[in-house]
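Have a look at these structures, which come just after this line.
In the two assemblies presented below, chain A is common to both, partnered first by chain B and then by chain C.
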Partner chain A sequence: MTRGDKILSVYLAAIFVFILAPIVTLIVFSFNADRFPSLPWSGFSLEWYEAIASDSTIHTGFKNSLIVAVATAVISTILGFCAAYTDYRFKFFGKMGFLALAAMPPTVPVVILGIANLTFMAQINLAGTLQAVILGHTVYCAPFAMALIRIRLADLDPDIEPAAWNLGATRMTTVRQVVLPFCRPAIFSAMAITAAVSFDEFMIAWFVSGINETLPVRILAMLQGQVSPRINAVGSLVFLVTITLVLIAQAAVYSFRKTRRNV
Partner chain B sequence: MAHGRPTKRRDMFPAAFILPPLVWQASFFITPLVFLVWMSFWRVKNFRLTRDFVTANWERIYNAGFFYDAYVHTFTLATVNALVVSVLAFPAAYFLAFRAGPKVRQLAIVFLVTPFFTSYLVRIYSLQIILAEHGIINSALGLVGLGPITMLSTSFATVVGFLTLTLPLVILVQLLALSQVDKRLMEAASNLGVPPFEAVFKVVIPSAKVGLIMAGTFGFLLSFGDYVSPLFLGGSKPPTLSILIADQVKSGNNWPRASVVAVTMVVTLVAVLLLMTSLAYAKRGKK
Partner chain C sequence: MSEPILTLDAVEKRYGADVAVERIDLAIDKREFIVLMGPSGCGKTTTLRILAGLETPTAGEVRLWGRPINDVPPWQREMPMVWQSYALFPFLDVRRNVEFGLKQRGGMSAGERRKKALEWLDRLGIAHMEKRGIHQLSGGQRQRVALARALALEPEVLLLDEPLSALDAHLRIRMQGELSRLHSELGITFVYVTHAQSEAFALADRVVIMSEGRVQQIGAPREIYRAPASRFVADFIGASNVVGGTVVEEKDGTVVLETPVGRLEATGSRAKGAAGALSIPADWIAVEPAGEATDGTAVEGRLVTEDFTGAVVTLYVELHDGSQFFVQKQQHEIERLSLKRGTRVRLSWPLEHATILPE
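Presenting the complex of A and B:
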């Protein structure tokens, strides 16, 4: 290792400290006995976890978030698969426009998706419902699913499907028996990442959920009140759920990156 | 067996895949955005929304001093963040692309992807207690007889928040750009006696230009629309456009005026995106 490499690796470590410090601080102070987070540390306590365990708004929020995340994961993964397979298999006029439409939503700030959804949902009498949150989240999440499944499809030889057709399989059968099994790890990964993004998303949900708060919306409301280690506790729980999902998603991607070489 | 079915059924096959995402995104992505534009011409009469076609909301917002302050402030913060994040990310991306081993690179990518998808809101809350007047940093400084330093409710804190949001993504995009740089060019430069530091500016940056500019553009886009950092770290002094939107909707109950701000933001973002794309792909001048 040259001297320059050493400096750069120390620099990289510093970047990671910066990125990870808030997460570590969050978790550490969720166990702090003192009400006001400061140094020195004032002793271990589960008080704040007990407080949120008996808070019914947290329970409801958790349940709502779970419903929204599961529904969003299923719908956006189906949409993502359709879009990825379209890009893989078909050529048609306007395909570029189709792909732009399918990929664009995450580049629009969530605050704008939030208010746009609110104005629209109010017109179709869905504002203030969990269905509205699900619709908003699927739009935002489907592109992530599409990207993951498209990357997997890039490794499927385009001549394999025509071979199955020649042997008498219909196109739909081929999709069911060849394409879908091949995409399984990517579909799994897409479900996990879209569930994580949805479980974490607070802006669209805040605008359209009304009184049906999801957990991050509840946290946002808590943030507008007083500083309280309860926020650390519930934040740590949300973090635990999303990080688990994101790590599952990455492990699935890693597994298919490895199997590709054997195909 | 179903093979050799008449073509009519086969014609439906592409539609089965094209239509669901097309109809869904058109209904729940494009239609709401169209509504947003339309809503900006509605009226609020006796606290009730009325369908109309008046330009009063536009005039009201565009004549308001607070709107200009918010616009300039938001644009400036996002620009500063785009530049700072690009500069801070580059050495890390360079190290990962050219100097680190595959294991380190793999691990680093996991550590960059994970925070991008996790709990931005609670991370900002955490930064709030780190940077507060009696927070972690100041109480640590106090232990050694220093401080306190005011960090919270400043633009500095807002940019720190933006950085936790954008740094992982910008490093990843830069890494992607750098890994496509032809390594033979770097070897050639080295063989010709160009020192490594100089080669970064003469070879690496010019050949990765498109990706590096796009990475910085992401840094701009994400921070331009962010609501959480300017509010909880910047203390809304002055408010950004996102805060204006939230306030108009949540407390002002004036959706049409919020729509005006939102449409302005979308137009700005599209303009910046087009400008940066054309800059990224521009041919270098005759040399």
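Presenting the complex of A and C:
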């Protein structure tokens, strides 16, 4: 190891400590017997996990978040695929505008997106429903799915589809038998990522969920009431779900490699 | 003559103001091996894609056995293509790639498809690779899979778009032989696009030379080689020396041209005073030590370089006006001359091989 390598490793370690310290703290104190997050640790306990396990508002929040995450993942990925494929296959006037528009939602501050969603959902009588949260999250998540699938499509030899047509496959069949199988890793990855984003998302959910609280909204409500170590336990669970989804997405991306063009 | 299998009737393809194919008339016979050749951008690939139905002509008509097929979508044409990039399906193994077309056509059980695919893989010598992924194959093996995939459909017409250009020289020659063999064994029509003259001349029954969206010449390789129909073709083939000039005399099928390298004679006819170009095949030129006077079928110059590729030697000779002639000879033919760079030589040729190029 050269001196430069050492400095680089230390630097990298410092970054990870900086990023992970709060999360590690959260997880560590979720198992602390004491109700105050202070050192020294007063002993291992599952008390706070037992407490949330018997809390029905957390059950409902978790269930809501799960429903919203799954629905959002499916709808966003379908929309994202359609947008990415449109970009890949067709040339048309205003394509740049179309792409900019399709990629825009995550660039809008979420507070604004939340308020806009609330106003719109109220107009169409959906405010306060889970459907509204799903719609809001889909708007926010579809661009991520589109981006992931576009990256994959960029590796699809432009001759592949015409080759399938040439061998007797109609356009629809080609999408089903050639494009979708090729995009499969990106589609899995997009579903996992959008589910993770949705599961975590607080702002839009807070504006439009009403009484149908998702887990992050429930957590804030708990925080506003009293600081309880139960929050550490819920937070740890949310982290576990999210990091699992992200790892799934990573694994899917990793499996891209084998079928990259010109490999 | 029997009815052509494919006819291109005044076919044109424009992209806005750009013309890819200006106007092509071409009749392709059954069992013919036809090669479209030209520099890049000449419209040869566009023409092939028009045949495959991947491009729609902006004017003219494409007919298969006399039936117009302009509006037939690519998936109904049954004219499989071998792609320059191979365009194999990366997520399917070798055998499933070959089965793809059969599966689309339907009417075959999975077992029959498998059998047929293996037959073709066997025919191309890669049956033992049926379970490999595409990414595990070399360029030559991919090429064979691409051929098997197209041929498994047992089509009447096979389209090939620069199929050998991605292979190294050695493999290219082998695949060339293989293609030739397949063509004669299968008795189907091959329409082949390339920019490589060696491929075109080695494989084709007829070569179509294209430039700027137009057909420059159609003919058997020998015909094109010996009698290029235009200055473009002569330059493109690169087998002849082309000299431009003005006709100063004309009589009995011979003309005399005033050119920058002197007065030269050529066979053909052209009105006095007209511009013309004369073509002298490089392998018909004799090389002697300078000395004898030059005349209408000889020039004198200084040897600049020689290019030695095995048995054939190309000599480059600079004439007094600075232009160059090239001469192709067998190594043993020029050995006795003991030529050195700078040696003055006399180049002469039989009059009947100096032809005036059609305008």
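The rule is short, and it goes like this: the second predicted complex is superposed on the first by the 254 of 263 C-alpha atoms of A that agree within 3 Å, B and C clash if a C-alpha of one lies under 4 Å from a C-alpha of the other, contacts with A are read in each partner's own complex, and residues count from 1 in each chain.
Definition applied: contacts are C-beta pairs under 8 Å (C-beta built on N, C-alpha and C of every residue); 3 or more make two chains touch, one makes a residue touch a chain.
Since we're looking at a predicted model, the values are computed, not measured.
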Touched partner set for A:159, first chain B, second chain C, both or neither: second
Which of chain B and chain C A:136 touches, first, second, both or neither: first
Contacts of A:182 with chain B and chain C, given as first, second, both or neither: second
Contacts of A:170 with chain B and chain C, given as first, second, both or neither: both
Greater residue coverage of chain A in the superposed arrangement, chain B or chain C: B
Where chain A meets both chain C and chain B, residue numbers: 165, 168-170, 173
Residue ranges of chain A in contact with chain C within the complex: 157, 159-160, 162-170, 173, 177-178, 181-182, 184, 258-259, 261, 263
Contact set on chain C toward chain A in their complex: 52-54, 73-81, 83-85, 87-91, 100-101, 104-105, 133, 135, 149-150, 153
Chain B-touching residues of chain A, taken from the complex the two chains share: 4-5, 8-9, 11-12, 15-16, 18-23, 25-26, 29, 36-40, 78-80, 82-83, 85-86, 89-90, 92, 98, 101-102, 104-105, 107-113, 115-121, 123, 135-136, 138-139, 142, 146, 165, 168-173, 193, 196-197, 200, 202-203, 207, 216, 219-220, 223, 227, 231-232, 235-236, 238-239, 242-243, 246-247, 250
Parts of chain B lying in touch with chain A, wherever the complex brings them together: 1-3, 5, 10, 13-14, 16-18, 20-22, 24-26, 28-33, 35-36, 39, 88, 91-92, 94-96, 99-100, 108, 110-115, 117-130, 132, 134-136, 138-140, 143, 163-164, 167-168, 171, 196, 221-222, 224-227, 232, 242, 245-246, 249, 255, 258-259, 262, 265-266, 269, 273
